[in-house]
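Think of it as A, B, C, D and E in the order they're written, each chain with its own count starting at 1.
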Amino acid sequence: MSTYLTKRLLYMIIILFGASLLIFCLYASTPGDFITGNIKLTAERKAELREIYGLNKPVLERYGLWMKNALHGDFGYSLAQQKPVLQLFNDYIWNSFLLAAVSTFLTWVIAVIIGVVSAYKQYSWFDTLVMVAIFAAMSLPSFFIGLFLIKILAVDLKWLPPGGIITTGSNATGWEYIKEVVRHMALPVIVMTLLGLGSLTRYFRSNMIDVLRQDYIRTARAKGLRERKVLFTHALRNALLPAITLVGFELPALFGGSLIIEKIFNWPGIGQLYMQSFGLRDYPLLMGFTMFIAILTVIGTLLSDLLYRIADPRVRLQ
Amino acid sequence: GGNNANTDGNDAAKGNTGTTNTSTAQSTATNAPGAEVVPAGALSEPFTATDLSKLPATAQKRNDTIIVGLTDPSGAFTPYFQQSGYDGNVSSLLYASLVTVDEKGVPTPELAESWDISEDGLTYTFHLRKDLKFSDGSPLTADDVAFTWTIQYDKAYDGGSQLPTLNVKGGKAYKEGTAQSIEGIKVIDPQTISATLEVPNATALVTLGSNVLSKAYYGKDYKFGHLEYIKKLHEHPLGDGPYKLEKFIPGQEVRFVANENYFKGKPKTEHFIYKTTEGDVWQFLETGEVDYASFSATEENIEKLKGLGFVNIIPYTPSTYGYMQVNLKHEQVKDKLVRQAIVYGLDRQSIYVDAAQGAGSVANIPASPISWAYTEEGINPYKYDPEKAKQLLDEAGWKAGANGIREKDGKPLSIHYLGSKSKNTDIFIAVAKENFAAIGIDFQPEVFADFNSLVSKVEGGDYDLVSFSTSMLTDPSEGFMQFFNGEIKDYDNPKFIELYNKALATTDIEQRKVVYKELYQLFNDELPIIFTNYKKTVYAYNGRIGNLTVSPYIGLAGSLPEWTLK
Amino acid sequence: MNNLMRIDGLSTHFFTEDGEVKAVDDVSFRVREGETVCIVGESGCGKSVTAMSIMGLVESPGGKVTSGSIEFQGEDLLQLDKHTLRSMRGHELAMIFQEPMSSLNPVIKIGEQIMEPLRVHLKLNKKEARAKAIELISQVGISRPEQIADSYPHELSGGMLQRIMIAIAISCGPKLLIADEPTTALDVTIQAQILDMLRQFKADSGMSILLITHDLGVVAEMADYVIVMYSGKIVEEGEVVELFSNPKHPYTRGLLKSKPVINQRQEELYSIPGQVPNPLELAPSCYFHDRCEHCMPVCRSKQPVLQDVGNGQKVSCWLYEEALIHA
Amino acid sequence: MAVNSSLAPVRRAGAASGRSSLFRQSVRRLLHNKLAMSGFVVVLFMFALCFVGPLFSPYTDNKINMAMMNKAPGLKHWLGTDALGRDILTRVMQAGRISLTVGLASMVLSVFIGALLGAVAGYYRGVADQIIMRVADLLLTIPGLPLLFIFGALLSEWKIPTDYRMYIVMLMLSIVNWPGMARMVRGQMLSLREREFMQAAVVLGLRDRRKLFNHLLPNIIPLLIVMATLNIGGAILSESVLSFFGLGVMPPTPTWGNMIDAANNMIDFQQRPWLWIPPGLSIFATVIAINIFGDGLRDVLDPKQKR
Amino acid sequence: MPETLLEVNHLKKYFPITKGLLNRTVGQVKAVDDISIRLQPGETFGLVGESGSGKSTVGRTILRLTEKTAGEVKFKGVDIHTLPPEELRGLRPKMQLIFQDPYSSLNPRVRVGDAIGEALLDHGLCSRSDVRDLVLETLESCGLSSYHIDRFPHEFSGGQRQRIGIARALILNPELIIADEPVSALDVSIQAQIINLFSKLQQSRGLTYLFISHDLSVVEHLCTTIGVMYLGSMVETASRDELFRHPLHPYTKALLSAVPIPIPKLKRERIVLKGDIPSPANPPSGCKFHTRCPFAEEVCRSQVPVFRDAGGGHFVACHLV
């Protein structure tokens, strides 16, 4: 039995333990705590509350307590929201996930198509135009693109709702509900897709350019295959291979939420909640969320390594 | 009291009871009332919609629903147990209070039809209306009030209520577990209840006269020292206010439906929704997604709102003021002359009025212009006067030194300033840097995006000046709160304490006014904090809504039951 | 025998940053039905480009067939529209490439790669195509065909891959098979196998083969007719026996002499001195002149033309032109 | 073998001339690449504009002038004025000094650190690889926000002048942000290691240092150029994120990022495009120019590239 | 007789085969399976065999580019595989390798002058100031010109690149050169140039070669002794004339007959081997060649033939001889 996977899993667990301690200490040493910002309270009351919340204990003791509970599946109550941390995740994370999943999917599909076409027509006007557009998207802050689209598509043209996830007060269910959500998602998804498109398109384009120079592309053409088939079956499969590794890295991003997009579009996602909790030093929520992302990150790293082994027939045997 | 991470001035119903901070970061101080010259274009009179046909179809279609934007509430809708003011906004519609305040801040009856205050000012007796009901139809009695007060003295109580600081007799004993009940709280009959304090406190009437929790509902599982069970009830509130909670969708909206058991009668509009919004709400007002929004009263904003044509606009002055806390331990600002020089030398008009496009005015006392205690009598306006500032600095012994920076005993006059990251702070720093350089002060600004970091820094004492603004002030005494909650410890002026206590010892407004004038004059001269500005806001709302007024102290909640949709 | 393909005045140029490369320069030859024509010549002399020009696969942008005609079964391939040409590729015209390892798609199973032309050209359905593919695999002498069909290229040896390439090329029964150095990357025993196989297919189906190689041993074994190229031009051509027994061009002679032959060991091998000229710096001259033992002044200044010197042999060399003129 | 030092300079000169002609050849090739040159010219222009331009502006003192606030572009202020009546053109130029410096510096730094660690991990494999990659894993799981604020608090504690803090924070961010870059370089390294010329290096008995710096590094430079030029936009923008958290430059010092951020509301966005177009265009022009130049540079540095 | 320069005794090199995500080892590729070679100074040993028969692995294992599985490699009496890395590095200049593919064995981003000279510097064999002269000298002795020194590998033709590879090895003054199919990627006319260069260098410097190839005509030309490998094992070893005149092993015979001879229409008795070379991971039982051997008998399938002297230093492993 080879130990590759076992070894990786073991490392993963060690890293997660290390990470949890490090993260806990980081949060603990961030200036201020949950009580500090509430400057209406008298010093005595602050002391009382710290006692109630256990904030006056040494960091390691608090960490130990947190870890013990976490290992029992108890991630505690959010201090600010007064709800179990897991319930809060459930309330917010799926919204973020929806947005991220759809836009990631679109980003990949569009990046692949544009990448393939602009590699195929390298240095054509299409290629140049795409490149300019990509750089434009890369050199503008995201809030800016968001505002711009809201202004045009929502306020002026009124084609799409300016924000939120459903029409306020709507009781739509079933198909109607889905339609409503899709309409509301459109703008944020467009912005997120635009933002993610740039580097991925460049990546696919350069992979594709490399692949198109390979001998087997010439073979495919010599067989008399249609150009589309040559590009999308023979070339693309190879060009996508190195990108498979990226899939794993997308994992934490799918659940991480996006502060700015969520804020601009009033999207009820975890990104905003995290930011807000950070401002408040809502430790249970911060720890819960960060560890969740850390776990996803570690899994994602492992996944991307494994995926590569699965995807490339050449790697498998070595 | 919620920890405050930059709540924005644009939020709808700011005027909730009890649960906001005394001080918020300066950054929130965009808007201020016009005590000074009102610049051209700013709104002094309400403005009525000119063309309702421009109202977006979305808003046109709504007939029994009003939508108002609100920063994401957390769902802790039980009064006294909230950590955020936004939850307070929600609960202010769900719960009525015993006593409320009018637009001047003067207490008026609500659930209590009257009250008595004993001669010594220590005992408050409330007389409840008859046949009061919670929204589920159960009766509301003095027992519920007693329970509400008692629970706030529980050992495990972690909310931000001010009630425990009132020192109700026997409260401490209860909290320590040595008494089974609170001695000072007496249920006289189902309609009458009294509370006795250990020291007089003029704010007690409003603090005691707040929301009432149903003992049958919230007290069912109550055991001393155990309050976790209440968390489970947060999202299922049982109140007695104009509206009932219909549905709470985290991060999206809070839906209300009219309460037929409301003691003033069922509200005129069946549905009300708080829609979660962040920051700028222009797009939602313009597309008719919300019916009501507040904006800082800049000329541009007002112009643009007028241009929309379908909104009514009312000017509004929040009951707050902005100030800079001074580190009185530090040599360079310990001297009153230096503080006065700083105020003279700072072009507050440019910063808070001109650069804010009229959405603010200059403050000189610790009270908002709309307070009943506000006065300008005998108040030095400290008009921008760099010459005067220089003269004062000379007088204080700070002499011009090398490269233009003043020195005393070989130490340069350097001011370390802390502010919260915001556009306004950026403007402040830009102007202040120039102003201070002109009078020979070296200005060292530092900004923080994170309120907690800022406060930690202040607590560490490493600063000379730090910008804050108060949250909503109901009683004038709250304008001095920072001197009592430990935030400012180094101002020990016996005269101040004497006057302050004197003002609290009586509940007679005219009497109090006189004392406060004296206090304001004292502060205006001594400048234990440096007053900066007032905000000025406008509210814009769907022209179809009738009977809408906004109280500086209780926000929409007061008039909401009366709102109609034309 | 009828002409299957007739190439006339074919020129293919590459336009690079540094200038124009005349990779194939005014080349004419023909391939008759059932005949094997070999093109020999040093690396870079334009053999592959000639083949690519026939297949219509010259890299663009950069490369372009600038003039000439390629008549295949009476039709000029250069005038055909893209679609028709594509439908002939892999069907009537097929090609095997030099590098079997890199010429097959590493992420697609062997079977599928063989099936593709069958499905496109013969319109077979999936099942039929697979059956045919398996048949083809065993036809090229690979055992366990089913298993091979489901494996990936990296799981096969170079010799097997080249046989797969042959299977793909002959799958649709081409009239002309272009084999561009099919055995250069392989060792001798495998080379023998492959050449054997090509001969056998030719015998079975009567197709013509255009075989490109630089190995004169291979030429001797396979060719009916030989074309010797140097720097983009044909320098000599003729029937294989004639050419080998009586090479005319100094380059052809050099090539024949420099190959070590078993059991004919010499102390020192003959080697043609010097280098192939830089294709960017070709002046009007005999391109071989600076490596030629018999270089004359005229060789440096004027380009010789391909002349018939009898016995069906053609040479482009001043030696023979002089001879002819003087004769 | 004896060292004949007296001959050395002469030979050096000979060698150098061979080299420099090669260098000249690269430069010539670069000069021939019109697209790359136009990118280079734009970058130069941006630098000149930002570092020399302000010398010719009458508004360099950034005086606040309430009478002139929010004026549209005109004769007096070519690109208009901002909310405090300051000249936008001057501020864009001054902002460029910081944005360009910060962008380039942080780009170079993060690429450098990432490349170094990635190279070491990929080259030495084994323990070094395990340690570096596991630390990278760990770093990837650490949230950035508390780190930033702790940095901020420490810098404030240590009384680092506010003008320098941004650079220090950028530096620390680069130190923390290396894992992505390192992974990529490591991957490249692993495949380079297996190339035959590396086997040749082993046979020749070359020292590790030479293998690393003379053989492997030149081969990952194209990757580094691509990564670096792609990062430049992000680096310029990240400064404004730092400013947002109060860790960047102090007002009134302008940067392109915080100038655009100042237009972060509907009214300015709609009614005063001169507030955001100039800084936006500056970033755009710089990013695209650097990328185009980077592409050209990569082509030129690639000895094989001939297009 | 001078002392033995290289002694390879019972060398084995097995590569593990791993499978699946778990990298389980499922078997071994016996790339080199018990090979012994002895090389005297000045000798040229030719190693021939089919592709994949383990020729390169022999060469690479001798130089310790891969670690051996078993056996012993002694260079001038020193066991290379037990030497500490730093000492081994010091020994490297004495034994050099020339690669089959001259292009991929040159770093595309290193100028050939540097590629040739750098090892001298790293071994301290020459001062920085003298390197250039030495490189120029070596370039010229390999038939290249001085102006080539600052060019990049891609600017050369295949034959020139191979000369660069040779120059890179020669400049270190090695005693042993292992040439791994140095001419099989080259054109006929260039092949001749390189082969001539090899013999010239041997004459002038007294070099010892281990010459790996699959082209018997080339090997015949250069080598004094020849070993034939099949599937990781040596099947026949003999002096050149002996081997070509009296090949004993059927595989050797097939190899000889497979070499194309540039005489058209020559009718030759050719042994075309059927089938593929079996996988070294799963070699046939008995004589490894029996699956393709036209003369195979029952004994070949079951018994491993002994590698024995068939007389006069002609070693062969075949039951039928």
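Keep in mind that, in the parts below, a residue touches a chain if its C-beta (ideal position, glycine included) is under 8 Å from a C-beta of that chain, and two chains touch if they have at least 3 such contacts.
A quick note: this is a predicted structure, and the numbers were derived from the prediction, not measured.
Chemist: Count of steps on the shortest touching-chain route from chain D to chain E?
Modeler: 1
Chemist: Looking at chain pairs A-D and A-C, which one is connected by more C-beta pairs in contact?
Modeler: A-D
Chemist: Per-chain C-alpha centres versus the global one: which chain is nearest?
Modeler: Looking at where each chain's C-alpha mean falls, the closest to the middle is A.
Chemist: Quick check for the class: compute each chain's Cα centroid; which one is farthest from the centroid of chain C?
Modeler: Comparing chain centres, B lies farthest from chain C.
Chemist: Please tell me the distance, in whole Å, between the geometric centres of chain A and chain C computed from their C-alpha atoms.
Modeler: Computed from C-alpha means, the inter-chain centre distance equals 54 Å.
Chemist: Taking each chain's centre as its mean C-alpha position, how far apart are chain B and chain E in Å?
Modeler: The separation of the two C-alpha centroids amounts to 89 Å.
Chemist: Chain A to chain B: how many Å between their CA centres?
Modeler: 38
Chemist: Would you please write down the residue numbers of chain A that are in contact with two or more other chains?
Modeler: Residue numbers touching two or more other chains: 30-31, 151, 278, 317.
Chemist: Please list all residues of chain D that touch 2 or more other chains.
Modeler: Expected reply: 149, 153, 266.
Chemist: Once bound in the complex, which stretches of chain D touch chain B?
Modeler: 62-64, 66, 69, 83-84, 149, 152-153, 156-157, 162, 244-247, 250-252, 262, 265-267, 271
Chemist: Which residues of chain A touch chain B once you look at their complex with the stated criterion?
Modeler: Residues 30-43, 45-46, 49, 52-53, 77-83, 88, 91-92, 95, 150-151, 154-155, 158, 161-166, 168-169, 263-264, 266-269, 272-273, 276, 278-281 of chain A touch chain B in their complex.
Chemist: Which part of chain B faces chain D closely enough to touch in the complex?
Modeler: 280, 282-283, 300-301, 304, 350, 354-355, 421, 423, 425-427, 429-431, 433-434, 444-450, 453, 456-457, 462
Chemist: Report the residues of chain D in contact with chain A in the complex, numbered from low to high.
Modeler: Contact set of chain D toward chain A: 134, 137-138, 140-143, 145-147, 149-150, 153, 226, 230, 233-234, 236-237, 240, 257, 260-261, 263-264, 266, 269-270, 276, 280, 283-284, 286-288, 291.
Chemist: Within the complex, which stretch of chain E touches chain C?
Modeler: Listed in rising order, the residues of chain E that touch chain C are 50-52, 157-160, 187-193, 195-196, 199, 214-218, 220-221, 244, 254-266, 270, 272-277.
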